[in-house]
């Protein structure tokens, strides 16, 4: 992706900036200057809105044949999630075994690397999601430091 | 007084155990673990790097103190593993917390103490009333060459401190530094993995600087080890910091809270930030903390800190302990894939 | 409005056509269609080309002029127009020609679709296909085209209890039909068990749930019905045409397990000819994934929502069943060359309605429908054809 093509949407990617339509009182992501449901009246009535970054899984899948640029993750979870404010987005769910993700699970946003143009190209950052409070915990025995000879 | 307005931390969820790394090289895992006092270490996922960790830690700090970007006048990120050789990490952090454009920003490098140098810079700017608050970040996703001793410890994590003079949760009473030209550890431009002087990294390097700086700090503050509730030093493995703390006269009770390396490995520039964050997670008003960072090449920065009443008003429910104990254990093959240790050839 | 008939067809075998270029494929089918129609190049008023991806696979845009040139129509300055709507490009090209003739602007048009998917690597062709969805907010977020359909399937299974066995029945049936189609990419039968046990692509979709990315071309000659008899004895009439759009991204839809653009396009097509679902003798469906065929049959109204899968398993959509579906083998087994697919569907209907489908002939077939869509059905185009 060209540098300006990514750069012009940095705040949408980094900070989940979308739009709030003052006419229909609905939220939209990514940012829109026009709300299809409200028509022309909505022009000028769309305000920037920063989403809280919490929501829930609507549908998900474990991708075994990775999308270009996602080869290092395979297999990984792709989900459509619904943000608490209403809009749905397609996102990777990271930091968990991909098959445990199920509809209805709560998720929250994290800041992650989305990809890169090439090994020498610009890096892309933005938002992905993790399961909220249902992370697998497989804690091994803690190194009990008081037993260590020094 | 100037001091800490807020703090944030981040430790990746993926971890690898020392025994798993040792098994690849036919080494004795339990001996390595005991020898280094490192039992597992954090590993950044394919989508985590210094920038993502810096942003997550900084966002936690901002959220805790209910700060917004307008309150921030400076961001300095210290790391030896910035994703870009040229292009700052700090501007991305600034954009991600909504602090642009009215601020100054730069990246620092001083091996493992680049982040604490950033704290001192912020203290100077806040003290001089140039800015209301500055953010100092220490973060790394360090690499050890495959099979090198560093591979057992080099890990990922970081922390961010908001430095200011209003609503501070801990005052920084004093700071001092101890700096020499000591080439114990380095990475040349364009090289993927660092080199080190083996046992030379110990006595003439880590111990000399940490102990000297710690002593200088206590002299300057007019304190003794027993005056502190907690101590945290740089922790390249699980043993050096214990020995240094004991040399300075500290006990287990004082250093165990800030000692995270046995479970997450050496987070380099992140180490003192994470140890200090773990302490602040449980500290009470009036607690006194000594923090001593160390960066190869070489230098130490020390801070004499007193926790204030404000800390009780802060939401401290998301703890470093949660991040440390949240583990997705991976094997060496996955680790090698995630850390770019596989030769992918020229397929494109 | 004038009536429009199809007077000629031409198609290549779909598959890995290593020795054929895009222009070669286009020429072969164009010539075959003209020959079948009994017209000469002098009779052609316009050329319409369906092509999805020449820009990304071949770095060649302006495919309309390319085809006109290599088909020998440049010297006559025949107007040529490329139509692009991802995998619906072919069906949409037919609709453009249909409207131009029905509207009285022209009398005879050649509509060709062609695609070269194997001149790039597998990962590049897969990425090209996913460009039919939202590249910025789906593909770049890590969603493959299969993974979007996997989430559609997951949602359909959750809401209607659709099963693995039922999805496998779609593929088994389409391969069975392809075993009787010599032009199919995979002219052989496979078992439902083989589908259920094939490698996982994106759960729950497996390798044999997914249509291939094929090379191939197809062409038809459209003619004002009033002039059709002059050229062709067995002309097949386009009696209905409908098209509809939906959000480009799947995530902007209210229901993930529905494809409303197909429903609306079918409704418009039915309305334009006064027919209804029960009038159809056969259907060609855009089964890019097994789940798409299940949902499309529900949207068109062949089966009630949530009931298509069990009826497919019962054999209702098999040759000899209540409503034979994808007698060509569908995208899964005939092959899927995006720009050509919508035209290949029409050719299957023409052959059936002419009674020339051989072993796979639907007895007494009079009326057929073709449903062609692009992306996750952000564009749908439906045609209804009637034989004499």
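Every chain is named by a letter (A, B and C) in the order it is written, and numbering of its residues begins at 1.
We adopt the following convention: a contact is a pair of C-beta atoms (placed from the backbone, for glycine too) under 8 Å apart; a residue touches a chain by one contact, two chains touch by 3 or more.
As the structure is a computational prediction, the values presented were derived from the model and not from experiment.
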Fewest hops from chain B to chain C - one hop per pair of touching chains: 2
Relative to chain B, chain with the most remote C-alpha centre: C
Innermost chain by mean C-alpha position: A
Distance between chain centroids, defined by C-alpha means - chain B, chain C (Å): 58
Distance between the centres, which are taken as Cα means, of chain B and chain A, whole angstrom: 27
Interchain centroid distance [CA atoms averaged], chain A/chain C, Å: 34
Sequence positions of chain A contacting 2 or more other chains: 73, 92, 114
Set of chain C residues in contact with two or more other chains: none
Chain A - residues contacting chain C, complex: 1, 30, 58-70, 73, 76, 78-80, 87-92, 99, 103, 114-115
Contact footprint of chain A on chain C as seen in their complex: 123-124, 126-127, 130, 137-144, 146-148, 150-152, 154-155, 158, 199-205, 249-252, 256
Complex contacts: residues of chain A adjacent to chain B: 10-11, 14-15, 72-73, 92, 94-97, 110-114, 123, 125, 128, 135-143, 145-146, 148, 150
Chain B - residues contacting chain A, complex: 13-14, 17, 33-34, 37-40, 45-49, 51-52, 55-56, 59, 83-84, 92, 95-96, 98, 238-239, 242-243, 246, 252, 256, 259, 262-263, 325-329, 337-338
